[in-house]
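Chain naming follows the written order as A, B, C and D, and within any one chain the residues start at number 1.
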Amino acid sequence: MLTIGLTHYLVLAAALLCCGLYVMTTKRNAVGILIGAELVLNAAALNLVAFARYGAGGLDGQVATLFVIVLAAAEAAIAIAIFVNYYRVLATIDADRGDTLKG
Amino acid sequence: MSPIETYLVTGVLIPLAGFVLLAFLGGRLGKPAAGWVAVLAIAASCGLSAKALWDWTHLDAAGRLAARTGPYEWARLGDTVLTVGVNLDSLTIIMFFMVTLISTCIFVFSVGYMAGHSDEIDHVSKYHRFFTYLCLFDFSMLLLVIADSLLLLFISWELVGLCSYLLIGYYFHKKSASTAAMKAFITNRVGDLGFIIGLGLVFVHLHDLSLAGAAAKFRDAWAAGSPLFDPAAGLLGLSPATWMGMLLFCGAIGKSAQFPLHVWLPDAMEGPTPVSALIHAATMVAAGVYLTARIFVLLTPEAQLFVAVIGCITLTLAALVAIVQTDIKKVLAYSTISQLGYMMLGMGVGAWIAALFHLLTHAFFKALMFLGSGQVIEGCHHEQDMRKMGGLWRKMPVTCATFLVGVLAIAGAGIPAAHIGLGGYFSKDEILAVAWHRAYGREDHGAAQSHGSVAQANGLWRMGKGPTAPEVSVADIDQFIPASWAQPPGEHASESGGAAHHRPVADATPREETHPGAAQAGHARAPGPRWLWIALFVVPVIMAYVTPFYMMRAWWLTFMGRPRDHHVYDHAHESPLMYLPLVVLAIGTFVSSYFLFRPLVAEGAVQMSTAPFLTMLYDGEAATAEHAHGVPIDHAAHRALVPAVGFAFVIGFVLAIAIYGRGLALATKLAAALRPLHTLLEHKFYFDELYGVVLVGGVAALRAVSYGFDKYVVDGLVNLSGLLTRVASWFSGVILDQGLVDGLVNGVGRVTYALGGLVRRPQVGRVRNYILFAAGSVAVVVLWAAFGRVK
Amino acid sequence: MLADVNAWLPPLGDLRLFAPELVLVGTIAAVLLVPLVAGRNPLLAGLIAMAGTVLALVATGGLAPRVADGPQGAFAAPGYAAALLADRFSVFFKLLLFAFLVLVIWLWLTGAAWRVTRPVRVGAIGGPEFFVLLLTSALGMLLMVGSLNLVVLLVAIETASLPSYALVASDRRSRMGAEAALKYVTFGAASAAIMVYGISLLFGRFGTLDLGAIATHLAAHPGTADTAFWIGLAAFAAGVLFKIAAVPMHLWCPDVFEGAPVEITTWLSVASKAAGLGLLLRVVTVLGPAPLHVEVATPLAWGVGVVAALTCTVGNLAALRQESVKRTLAYSSIAHAGYMMMAAAITLSPTAGGGGPGFTAVVAYLMVYVVMNLGAFGVTALVVWQTGSDHLSSFTALGRRAPWLAVPMAVCLFSLVGLPPLGGFTAKWYLLVALGKGAVAQPWLWILVAVAVINTALSLYYYVRIIRQMFLVENDALPAVPAPLGGVALVTGCAIVVLLLGTLWFNPLGERATILSERLFGLATTAERSQLAMVAPAADSASRAESPLTGAGVSG
Amino acid sequence: MEPGNLLNWLIFLPTIGAVLCLIVPGARAVKLIGVITTGATFVLSLGLFQHFAWWDATRDVFGSGYGQKLYEVTKVTWIQLSGAPIEYFVGVDGLSFPLVILTTLVTFLAALASWNFEHWKVSRGIRGYFCLFLLLETGMLGVFCALDFFLFYIFWEVMLLPMYFLIGVWGGPRKEYAAIKFFIYTLAGSVLMLVALLAFYFYAPAGHQTFDLIRLATDPAIQAAFGSALFLGLKFGPVMFVLLYIGFAIKVPVFPFHTWLPDAHVEAPTPISMILAGILLKMGAYGLLRISYPILPDAGTWAAWGLALLGVINIIYGALCAMAQTDFKRLVAYSSISHMGYVLLGLAIMTPAGFQGAMFQVIAHGISSPMCFFLVGVIYDRAHHREINRFGGLWLTMPVYGSLATLGFFASLGLPGLCGFIGEFWVLIATFSAEQWSWAQPMAILAATGVVLTAGYILWMIQRVYLGKAREEYKSFPEATAREIAVLAPFAALAIALGILPQQTLFNFMNGTLHQITNLFPAAGTTALTVAGALLGR
């Protein structure tokens, strides 16, 4: 009989984190990178909720999670706007194509 | 300052005033006024020096001692006070007189000589410059003569060098002249390098640069058994004291054109002839001998031997080369070198008086001959090649006659046993006599060394007598002489009694075995092998035959025979302004000889009597003057020489006339027959070539290396950093495509830039990589936190 | 229920503590609303923003006496530490930010007025949205220096960042702007995500989101500074370092600064970094000093020191061969952030005699940095407006073409190098003195001194390159560079202040900074901490918090 | 310590002039301001003679401790630090007095030399030129007068910026390269000095912390602390000495930090070369003597042989490099490197005689090298090139100039009777007689070879430039103008005066202070330490 405990949540969150990091660093599509970031954010949110449930933090964690969700949304909104602008100028959404600024 | 000192100092300053006047106003004075200003200045000096000489001869010993004031503080080196003052003694007085007198003659001659010389180049007159330099020279030379400290000596030493440089390069529009000037200065500087190091050693060991002070401390150091005299304390088995003497003598090697630094003097003939007469024959080049005389008290036996050997080599080489020279001035130049060699030899073997005496007589007759040659050159429109002259006696009778006087003087003409003769007869022969004495005479004279205990005794004795007291009487000196030439320890007791111990020549076996006592004292025994001393006598004697030969050759080729170049002959003439000084000098050559000068020189020898290594010898028989302080050589010495060199001048003259009497034909044949020898001599033993390759080339290579080093290596962190960068970039996989850079800055800059490239490597422009980098960095920290953190 | 709510809300009087923020919010609203009645006039929006900012500045000034005695907290639930703080520390940073904001808006206004009369060479930016974004990012920065609550900090950072992302792209025709914004937002999102993950770990480890409480807990239980703590802290630091643009989170900075419009670059180069530094300082002050043991403080000091040295070095080295002046200055700002972080390292060094000198150094450095950086960017902006490029070649012969720009630029650049008698040297001097003082007890700080001075020498290369281009390279063909009077006045003023800071104000600056830092430091260690400790969760709840992680076996 | 404010006027008078330069109308007025200001500064500096007795060889020699005899002192607190204040502390003693006079004189003459500004190739910006020129003078005088290390550092850096622009803007074809090289070298040196500056402050025991150079040297508590302290595990003294030394060595310049100098000299305009050679190079030596040796005597002992070796390398290496040059100015520049080697050698042996020689050489070179640079400038103005091999016979076309040139170069050569000789001779003899060092005599012998090499390159140059046939293209060269002679004559007169009367012209002023500095040193008979051993504190 499997008891779902804090460890499971944490492992899941860690896995999410890794996925997110992987996505962020491999996706050429800007939206893909953003999604990667969202995955990491969700990993953090999962952590927070899990800690809130199993730890001593109480409601703090859940409140924080709400904040994280809102922030993620805001971030996505801004990001998408910028991506659109990027697409308008460069006619692509490939983040790697934007490499004029370097060195 | 005492009156005599005042005369001398004023006599020094008048030429300086003349120099300043001419330097600022010379151009306006123009020709010939500028020349007469100079003559006036030096004549005034000469008058003062005559007055000083007169007063000096009328002073008794106490008065002379009292006449010497000073020294005066000049500057402080650390805590040591450096002084300047007038070195007032007979030698100074007579040298001063000689310099001013000869200068006056030559200045007058110059007014005539330069009148006929083109002094304008590109319409710019340099006439006044000539006399400006001459005045400066006289100032410097007179300063050198009166200097009482090694420092002042050195300063004036360099100043005469400067004048020599300026005057040799007087015709500097000619490349050869400016090169010769440069060569002279730099060669002299090589010698001065030794001089400076010597000065340093004097300062270190004796803490005093004044001549009297250094001499006194040197003697005290000897008396105290100082390590200064310990061969083990110096390099190459020579004691520091020996090194000190030898290095000081290096200055003289340069200035007096001794082997191996003699190469500059023949080239110096590029200067106007009066300059050759004044500077490169009579005065400046003799300053080396004068210096040696002044530092004689600081010379150890080994150093004296060094001096003698150098002198001997020089006189030989120069005399041989002089045989084949065709330029009249070059002949005289080599003859000068040769005669200077004789003087040095004299100094080295201990013929202090004779050497200086030779200096004085040589000054007169060589100046005479140079001026004569100047007259000839001027008369022949700047023709210097003797092969084109001949028969000039008709056109220049006075010159011819006075020149002959000079030739006779240098050849040592005189009537043996009659005390009748010209300069060289007395002076050169006395040098040879002393050399003979060192080689074959009494052993104890040759071995100028002391056993420790004897030295101590001597030192005590001298201190008791008041070592610095110049009034030590002859009798006193005679008393201590035997003791000062130490006997081997075993023989000491029996031999230290009183009169000099005579020993048969055959008995004078070199004592090569080391005596324990001598070794313990740490002092060299009679330096050098016996054969060397014999060579130091035999070789100069042989050269005494060569001297008359080449001088007569020169005279004959110039004045006798038939004119060989009618263009030259037709224009030849002489002018009174120029031959009058010749006459004066010719007279001087006669009277300068024995009775006027030698006694004064001998008086000057007083200071020598305080030297620890008293090896001053003089011709006892010839020295009628009772002021001589030193060891009279065996009377037999000079007598024995009569058959050896007494008639050398006759033989030399006859040979020369025999070969050149009928022109050059025979000589040419001889030259052809002796081709290799002739070539060797013509090329002056290839010294210039050798130096050209080894020294000049060496320096050129060095400077190329240094500058190359500067350009490419110092920088060199450049190469190093370049290498490091490459290694570093190999590790990091960065390929740097930088070209070569120069400069340390660029080197550092390059590394920096490379590092800059390295740190910008992540800045590839793709945001994914940025995130990867950032996440990776965080991961590193996380890993550190998880595993690497020290608990 | 209502009473409960009242308990949650601060008394109205306390709201005055946050007058600056409120004024700013009001201004934002005004900028948004006024166009509705007055039409879309960029200049008008700018003027409103200016007025609002000045008002906020005044409000902040008025706040200073109120917080002189101690920090004032607000929005705190019972039993919780204040979510927002108003103390001298935050007031100082707010003053700095508002003053800078005023100058930036002034610069913008100058440019906008200029464009009215000139052929526009660069894509104009402006409009109400611009100011909304600008002021909002300023608001976020204000919050960043005014809290110790991790969630509030998160919100603050995002509030500061999100408008910035948009601001970078505010020239919508610019390809570089678009690219820069993309990089900024993606990198920002990533670092924010990592930071949030760190926050979650810290929360899990200590059961609280309040840094003060965490510090207290750590002081009481040294053993809790374990792996989870360090991982969490490192991840959290990623977000802070992102704002400062410190190594290794600096990569966005050059690209964004180069791609962004020059006014935005100016704003970000100072404000964003200053706020980030304020946050960092607050974190290290709370976590670092005296009562804490070496287990936290020493590794943290080393960490900050290493990051500072790296940041400084990387910034200077990377700047060496840049052709874009903006990019050069971007790297320069990275380097200067590094210098300031060095001072932060001292405040942590437990035996280094406390953070006083370090604080002094940071405060002095920031004040000087604001002025000289503004001067340099100001000139760059003026040149860019006229020539349309910030390439080094645009500065060729500026000494002849526009001496009134070239001379202030040279002064500011030499000051950035740190040469006396300019302000930059004053700043560096106080920094070095602080490091030296720290080094008395912690000799390893001499390494930081060495790094600082070597970097000073290194930095010479690229600053002087610009100066060389302006004065030594000649090109008589280039025309003169006209510039708006307001802009010239701004940069000249900056140059004069820089000069004064290096000479006459050398001592006053140090005194002011010392006074400020003494108060700040004192507050941070004693009064503030005791108050925070009072309201912190009980120790037992913290110890309870230990169990989950240890139970999870994460610690290693 | 005698208070007074002459020095304040001296230091800031040029600043006032610099400001005036910016506001007066017309180029001529600017030039006038420049010349008048520097001239007035020079005249003002002569007022310092009231404190020094040229006729008295014994005054102050053993009379008082180091720093007790300071004149025209101003000492006010400038910046308050927690430990001790940074002071505006200026004053002169026997060490700085000759350098102050030299500075004002050379600057004045350099201003005169700038009078033909309009004829330079790069002649724009006369205001800027004279403004920076005068600021430079403030910096230089400040360095020599400052007795507070911090103040010294500030002035040191203040000097840097004007120099950068003066070379970089008004220089020759490769001016940028030269200017930046100069700048980077000097700054690199000065940041190291900054570290030492801080370390001096923080390593002093509490209550004794100070930047006061006199107190740093004389306070026994500070000296004791410095003697025993460790710096990052290394001995404090040697580390600080090396840091300071690099800073000063770059200025001197010492091999291998010298490569900036030829470039800077060649590219700088003539008056700037004069100042660079005449004064800026002297600051390195002055710094060593004012800061390194009094404060860190043990480290000086430790470093002695290395410094002496570097000095000898400088002498020989500089001379050889000079010989390889065909650019007239570059030759003179390398000769400076060679000459400064004597300074270094004289300092390294740490005896009164050595210091005397070094300081004399400093002043003598401060006279001969600006003269030589101006001599080069005179013909550069006429020929517009400096290729030695393309000249010839100038002594014929320009006799007065030629004579002065000969004098100048012979002074540089070290001819007795001229200033160059005394310094070299003193240094060589002092090195010889420094019996506490086993290496001193070999070093002295090596250094003495410089005498020959110097003669070599100078005479060779004279032959190629001044002797020989006058070339056609140079025959029309006008003789030196009155202005040029007015610049050269003071140098010539001083070169002779210093050469003949060293005691009265220089030694009497500074012997006292130099003795006081040597009195700070530990007793003679120091043991040689190995580098590693000393550094590691064993």
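The rule is short, and it goes like this: a residue touches a chain if its C-beta (ideal position, glycine included) is under 8 Å from a C-beta of that chain, and two chains touch if they have at least 3 such contacts.
Note that the coordinates shown come from a computational prediction; the quantities given were computed from them, not determined experimentally.
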item	value
Chain closest to the middle [Cα centroid of all protein chains]	D
Between A-B and B-D, the pair with more C-beta contacts	B-D
Whole-Å gap separating chain A and chain D, where each centre is the average of the chain's CA atoms	65
Chain B and chain D, separation of their C-alpha mean positions in angstrom	37
Inter-chain centre distance, chain A versus chain B - centres from mean C-alpha coordinates, in Å	96
Chain B and chain C: spacing of chain centres that average the CA atoms, whole Å	80
Touching two or more other chains - residues of chain A	24, 33, 95, 98-103
Junction residues of chain D - those touching two or more other chains	180, 184
Interface hub residues of chain C, defined as touching at least two other chains	182-183, 186, 190, 194, 254-255, 461
Pairs of chains, among all present, that meet the touch criterion	A-B, A-C, B-C, B-D, C-D
Sites on chain C touched by chain D in the complex	357, 400, 414, 417, 419-421, 425, 432-433, 435-437, 439-440, 443-444, 446-447, 449-450, 453-454, 456-457, 460-461, 464, 468, 471-473, 506-507, 510-511
Residues of chain B defined as touching chain D within the complex	23, 27, 73-80, 121-122, 124, 154-159, 162, 165, 169, 172-173, 175, 178-179, 181-182, 185-186, 189-190, 192-193, 196-197, 199-201, 203-204, 207, 699, 702-707, 709-710, 714-716, 743-745, 749
Chain C-facing residues of chain B, complex	749, 752-753, 755-760, 762-763, 765, 767, 769-771, 773-778, 781-782, 784-787, 789
Touch list for chain A against partner chain B, complex	21, 24-28, 33, 95-96, 98-103
Chain B partner contacts - residues on chain C that touch it in the complex	182-183, 186-187, 190-191, 194, 227, 230-231, 234-235, 238, 242, 247-249, 251-252, 254-255, 299, 313-314, 317-321, 458, 461, 556
